[in-house]
Amino acid sequence: MFKSIRTDLAMEARELAQEQSKYDIPGVRVDEVEPEEDIKITRVEVLSKKGEESIGKPIGNYITLEVPGIRDRDPEYEEHVKQHLANEIRRLVRLNDNSVILIVGLGNWNVTPDAVGPKVVDRLLVTRHIFEYVPDQVDDRMRRVCAVAPGVLGITGIETGEIVKGIVDKVKPDLVIAIDALASRKTERIGTTIQVADTGINPGSGIGNKRMGLTKETLGVPALAVGIPTVVYAHTIGRDAIEMLINEFAGQTTPQSEFYNMLQSLDENHLNQIVGEVLAEGLGDLVVTPKEVDILIDDVAGIIADGINLAVHNGLSMEDVNRYLH
Amino acid sequence: MFKSIRTDLAMEARELAQEQSKYDIPGVRVDEVEPEEDIKITRVEVLSKKGEESIGKPIGNYITLEVPGIRDRDPEYEEHVKQHLANEIRRLVRLNDNSVILIVGLGNWNVTPDAVGPKVVDRLLVTRHIFEYVPDQVDDRMRRVCAVAPGVLGITGIETGEIVKGIVDKVKPDLVIAIDALASRKTERIGTTIQVADTGINPGSGIGNKRMGLTKETLGVPALAVGIPTVVYAHTIGRDAIEMLINEFAGQTTPQSEFYNMLQSLDENHLNQIVGEVLAEGLGDLVVTPKEVDILIDDVAGIIADGINLAVHNGLSMEDVNRYLH
Amino acid sequence: MFKSIRTDLAMEARELAQEQSKYDIPGVRVDEVEPEEDIKITRVEVLSKKGEESIGKPIGNYITLEVPGIRDRDPEYEEHVKQHLANEIRRLVRLNDNSVILIVGLGNWNVTPDAVGPKVVDRLLVTRHIFEYVPDQVDDRMRRVCAVAPGVLGITGIETGEIVKGIVDKVKPDLVIAIDALASRKTERIGTTIQVADTGINPGSGIGNKRMGLTKETLGVPALAVGIPTVVYAHTIGRDAIEMLINEFAGQTTPQSEFYNMLQSLDENHLNQIVGEVLAEGLGDLVVTPKEVDILIDDVAGIIADGINLAVHNGLSMEDVNRYLH
Amino acid sequence: MFKSIRTDLAMEARELAQEQSKYDIPGVRVDEVEPEEDIKITRVEVLSKKGEESIGKPIGNYITLEVPGIRDRDPEYEEHVKQHLANEIRRLVRLNDNSVILIVGLGNWNVTPDAVGPKVVDRLLVTRHIFEYVPDQVDDRMRRVCAVAPGVLGITGIETGEIVKGIVDKVKPDLVIAIDALASRKTERIGTTIQVADTGINPGSGIGNKRMGLTKETLGVPALAVGIPTVVYAHTIGRDAIEMLINEFAGQTTPQSEFYNMLQSLDENHLNQIVGEVLAEGLGDLVVTPKEVDILIDDVAGIIADGINLAVHNGLSMEDVNRYLH
């Protein structure tokens, strides 16, 4: 029934699949921990083709941090989130002191909810040029990090994927980390959930229009994706509202009544059509986003950037990162 | 039943009121013309306090241009829209050759759907400084125009209304034209409808958070508002979806049946509550906007700027405007 | 001989006057301290009309901090500079717990060496809106601070001075602090010298084109100016080069020789004319600036912003400021 | 004597060489035309290694358009300049209907005089994506054009040359056109001279810090460079001023006099040292630029973009270009 709901979060895809089945989803392993208050980490592993089909996400690891507390902008809590994010990233990648890491901030600078990738790039501790030109200023704990935001103003007529592939072929990194804005199923996840996946970015995922993926297959090197929901599709909102109403009716009705039969006869296509009538055509995808989305994006970009800064270098503290970024 | 639907368009407010009544709305006069294909102009006049209460908009004139064709980006059609917009603006203002016009582009540069005001300001034919410093370069047909985008990066701790009032008191314009991004009731109006109102901007209207209005009362000079819908509240989408489902059920049911009674018993608060459960709290207002909203805003800002350029100067053609803006 | 040298620094103006006289400059008092290594503070007080004429700066106090060490970007040194700047600002202003301070970041966002004012505004701890809308979140040590960067994109056809005067009349601050980019006489002062003056901003000073001053006379409230040299006029460079050559020749020549007489006959106008031939006309003023001026401006804007943050609030530490700015 | 003068213009390099020799420069051919008033075209061809050594520019063609009239912003004159620029570009490249052209806007967005490349990219008629995704919308006269501005915000730790090489290897263009801001010897050339060269961009040329060239050798495809002077090195100004003074003295002196001998004894190093004392160390290169450089850069970027638009497509008029860019 929920198949038309679009989500980029594997955790939500699994929940959707779970809602339709009383059994465990075959080929999918789930592990949840709450290391501290207001921080919940869900690790979904898609183990097989069967799991892939069940939840519509490729074989691999998907770690989700639910951190609703970041809306309160408490520096101490944010530092904990950064550390947990760094830890989860480190679970999925294997780096050594000679590793070169290329960080790709996807998304369009000119559309606020899509700007999270470029904003992360702005706050990374980039070091590759120091290794090349002033090697004596390198801190022992630093690794070679470079970064690019290909969707930023000024690239036209070339696919983002082509640009990134071209740069990867020249820079020859050992790891690509791609940051992207995602669509989730629920508005409460906007800006409060971070997904880390070792499957990279697949074509059509994220809220931008990417025709080409950034995966180990396309790039030739391991690709980690860090994503954060910044929108929910408007269609999802409409569908959720009518499901909610139908559930309420269903709870009040007598089995086999006229009304019960009517509710039974509603099918997926029909419900989508009802929502479709509410949403204009010809405007492309319609998305739901907070009106104050710029502040939220700024906050969360800072947290993701620091989580990555802590993860890719080897033992730098937040204090070190701040000093070097100064 | 629709009272929780928020719209900044007087035309929609009247339609909402009309839907609930089989009589004409008292105190409101409506006039519709279609001067050419794909251009529809609706002039709503709120005549009295009674009209004000019926549709929730202050006494005054509200002209709406529905121009769905601008999505096709056809230069010829766009030029017609600019001319009609200029004509409608001129219906509502009285200018002479010594008039000083201050144009205020409201909205936050950093949030794409709220950036229409600053983008209009960027493309205006501003002339007041020419009159003051190089008067011999003034074209006879020009009037004194100056412009400000107070919400652009760099003003903090001061209300937009205070800034504008301060500038009005110094510049002493004969007319203020304020441009603002609006919320409408229907997604199809996003980027395709332009409202011109001689009542100025009222507190809380538009999609930004304006605590103070820009009206003849607050500014001391006539204030014209030019607005364009760039978002629909997510709540509206949810409500529309469930209304649509209820209407469908209602059409299939037998009067006095169990189900008929259930539908009758649904009240406003209850429906809002259902939609509320779908939308997260704590994120502020959630709005629906096209994913490619940046291009749409760019297009429409150019059209509004030119409509104003044609309206405030005295007999300049689009060719003249383009040459001077060069 | 040096009268065609343009400088916005009172310290340099005094030095120029001093070079031409073996006596103390009448009506000007000078005090120099070096509170710590690499930090030199010069306090010039213009006491009378006579002093005003001698150095071409209005009666008042001009404090200059020479801090060449900031080019090394050492966080500890920078914190000392911020504290000294805060102390010197506090010497010149009188604030109490109810004071309202308006900070004005002058300059054009689009011209890198002129963007220091807007960049400072971006990093100020602005609090006036907290006092008004969430008074319970006010820290006892905060004062009411608001800020505006009037030259930022989006204000056209209106003088900066008019905008500021309009805002001052509405906000009614007890003190205006205006930040501006300056021209100095020597390139070594670019980005390494900060001037604080209680005379405000005078028309024509700074590197932008300001037709109206921001002084106690024009604004009706005390106006403090904080300025930083970001350019030297190209003419100054040319003049300095030929002075240098002439001095060298003069040292090698015999009094009353042909050559001695030739050097004696060189007058101010002639030297300016020689330099003028090197510099193209029709391009407006030509200025000298470091090629990497963007990084320098970013650094120095952060230092000035924090110096002001420490000065205008009452006992906040840099740690507090950073936490609140987060 | 002038060897320390840095210029990116081959025309100026030849003039400098010429000033030192009464004979033609061997290995260099020069051709000058003035096709209409206020437009002068100089075509310098470096024919041999000998020519290369004489003027310090690699073997190849260097065409310079001197167009001082563009400061007057007369649309008709500007259109002529665009046409001449297009003609000269076409002299140096060989395109057919299947050619793919990659245009690279070099330079740093954040430093005004270095932003000309990114600004040109913003105004190009880019078509490659139309050929790929909506081939039926292709105008017969269009060729496949794509563009990138690699120095725009968001690329760090990677050399511009690496980025461009990576993209060239993926896109496989038939021609690369690189746009760059240049340093000239004379301020009057700033914004009024355009150089087109079929030798590409050499390491260290232009005003940015490019460690790697963009030439046929490094890229594997023909590389055309379009450059425009936006700065003069401050050192050049100082040197020119003292040369001017020395020339004046020389004209007034008697051969074999004390003074004559002194002038004769001045050597290159000594003069550079005098200028060096005027210019601070530790700030990197110091450049001279007009204070209003932003407007100049905007104007000239529009002209270069259109010249390229006319040159790379096959028979589009300026009217066509404007319609498509809309």
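Side notes on the structure shown:
Labels A, B, C and D are assigned to the chains in the order they are written; within every chain, residues are numbered from 1.
Definition applied: contacts are C-beta pairs under 8 Å (C-beta built on N, C-alpha and C of every residue); 3 or more make two chains touch, one makes a residue touch a chain.
Computed from a predicted model, the values in this text were never measured in an experiment.
Of all residue numbers used at the contact between chain C and chain D, over half are used by both chains, marking a mostly same-residue interface. The greatest centre-to-centre gap from chain D, using C-alpha centroids, is found for B.
Averaged C-alpha coordinates put the centre of chain C at 35 Å from the centre of chain D.
Per-chain Cα centroids separate chain A from chain D by 43 Å. Chain D has its Cα centroid 46 Å from the Cα centroid of chain B. The part of chain D that touches chain C in the complex is made up of residues 71, 108, 110-112, 114, 186-191, 207, 231, 234, 237-242, 244-246, 248-249, 252-254, 257-259, 262, 274-275, 277-280, 282-294, 296. Interface residues of chain B, counted against chain C in their complex, comprise 105, 109, 118, 121-122, 124, 126-129, 144-149, 152-158, 162-163, 165-171.
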